[in-house]
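The chains carry the letters A, B and C, assigned in the order they are written, with residues numbered from 1 in each.
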């Protein structure tokens, strides 16, 4: 596991669309529930324990699924021996027209996307998550060999697959997910409320051990059946996202 | 995949032994037809970007397969303006929301704009031209080359005739500098010859055009510049 | 205290419903109160720590069942060394069957430690309206710990999966992401499909990714939740008053 690679994956500067999303904060700022650092702290703690845990668990699960997989026998047989046994692995996203199979077989992970759908009552949040998943895949394809997992996976699923492609494991995927859950909204808080960026980073530093705990708990369940993965909901995130989507004027996409 | 490969379990700390091939486009595979020419239109708040886009849509909409992506600070204002004014069918306009930072969306993290361009190409089929309008920002806002092929920077005479002299990446490096609202020059005591001289000094060989959409609703010099680019780029497709 | 109850509704073959099974034990006592309606009658205060309650509901093909309760469920502390009180509800609805679950709220009293686990399985072509209300603390009181875990499956796929934790053990539960200082929450999951709608200040109706919708309301008190969600349920309930 490369720590530098994990930092790259979790970096807010990764061009994966996150800057346009407030992670539900803009709606709560407008509702008057978040107006200062304490309000932001309460928001972030609740978010980390709910959607942060779910995102971490699904990132870990997606990463776990792509660990140690080999194609089912019928697929292995069906594939012609296009190259010698020790051939250089091919890029997972081959040039157009190249029918080279992907680097490693990825099992169907659509049930993870469905699991997140079932955990995300708000259509606006589902859309935001899939848009960010798509953007993350785009960034990932420029960095590592990413197998084909569909056009718009949910963000945590894309994150888990990227983590694996980067040589990281489920725990690292979960840490990146939990970290992203709080840092994205925190950065939006600086922009929306003019909060002192040092105070906000002080808050993030205090939340870091919580991120680690959430990630460890998520990663420990990475192999569970989808229905048994964490499903902690945050009603105001769903309600706020739906109200936000009806506004005529807003700064953030979600 | 060959059955002899990768039948063992991957360890969590095992780095996958491959790399994206250099030169492989990390973006989604493009349609077989030549992809659209993408032109970014940037410039300070109020310089007339949206009005220029509307004029270009009127001028080029009948001759080119055209679509527009707008970037707004506030939600979908510019897209709504274009839709209301009927310069282009609604399905040819996409709005990108930029989270307080319009320059980020066109330069540092272009993913939402690329998604919008791809969605337009998926929905409409091959296009000749996509105009990407930036949110109103400042003189330093420029487009990433990962997003656009050519960029137009729009300033207006009402911003003062010193703007070209002040420079900045937009004025200095844009493929076309548009000095807009020349009809206002007498009202704001702006000297167009000074602007022209300063622009040449800043920009060297790069072209600069003067424009008044009041007098030239078709934005002729800009439309002609775009026509020449499209013609030079995909002669076979026309 | 341990208790098990079971309610099974079947079509009577003449367009009506008969209750094929109706059994329970204190404090989980189902009573027939209408042609296809059952009220749960609380036989004791609680649940308290250590309690284990189980309720099974089965609605057969073409049958209709409505389940209500006569009073709110009040989760109380009980003896501190005992495990959390636990209420497991499992319901199944067959094709052409309809289940409406409209109980009074669960109230999380100070010091309680309670878990409600709900599993509903609706067959393709079955109909469901599943309402759950939660009140965090009695009047002027901070709540104890309550966790709810809800799974609704439709036609073999998970339609809605939602856990909620409130109380001192739940980080940030009263922060602006979860309840934002609100003390009451209501949800109603329905297998009907319609567009999204705003039901009130902090109440929305949302189309799920699968065939169904959920209405969620957060309020300062249960009256605000009822004002937002009752109309959704009333449209599909004849008379919801407890029978004497």
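Everything below uses one rule, namely that a residue touches a chain if its C-beta (ideal position, glycine included) is under 8 Å from a C-beta of that chain, and two chains touch if they have at least 3 such contacts.
Chain-to-protein mapping (UniProt): A = Urease accessory protein UreF; B = Urease accessory protein UreG; C = Urease accessory protein UreD.
Since we're looking at a predicted model, the values are computed, not measured.
S.K.: Using C-alpha centres only, name the chain that sits farthest from chain C.
M.R.: The chain farthest from chain C, judged by C-alpha centres, is B.
S.K.: In terms of CA centres, which chain lies closest to the overall middle?
M.R.: The chain sitting closest to the overall C-alpha centre is A.
S.K.: I'd like the Å distance between the centres of chain A and chain C, where a centre is the mean of that chain's Cα atoms.
M.R.: 31
S.K.: If you average the CA atoms of chain A and of chain B, how far apart do the two points sit, in angstrom?
M.R.: The mean C-alpha positions of chain A and chain B differ by 29 Å.
S.K.: Which integer distance in Å separates the CA centroid of chain B from that of chain C?
M.R.: 53
S.K.: Tell me, which parts of chain B touch chain A in their complex?
M.R.: Spelled out, the residues of chain B in touch with chain A are 1-10, 12-21, 24-30, 73-75, 77, 96-101, 104-105, 108-112, 114-115.
S.K.: Which of the residues in chain C come into contact with chain A in the complex?
M.R.: So the residues of chain C in touch with chain A come to 149, 151, 157-165, 170-182, 185, 187, 196, 198, 202-204, 206-210, 214, 216-218.
S.K.: Sort out for me which residues of chain A touch chain B in the complex.
M.R.: By the definition above, chain A touches chain B via 1-2, 13-22, 67-71, 75-77, 79, 81-83, 85, 87-96, 101-105, 131, 134-135, 138-139, 141-145, 151, 164-171, 188, 191-192, 247-253.
S.K.: Going by the contact rule set out above, which residues of chain A touch chain C in the complex?
M.R.: So the residues of chain A in touch with chain C come to 24, 28, 31, 33-34, 39, 41-51, 114-115, 117-123, 126, 210, 226-227, 230-239, 242-243, 246.
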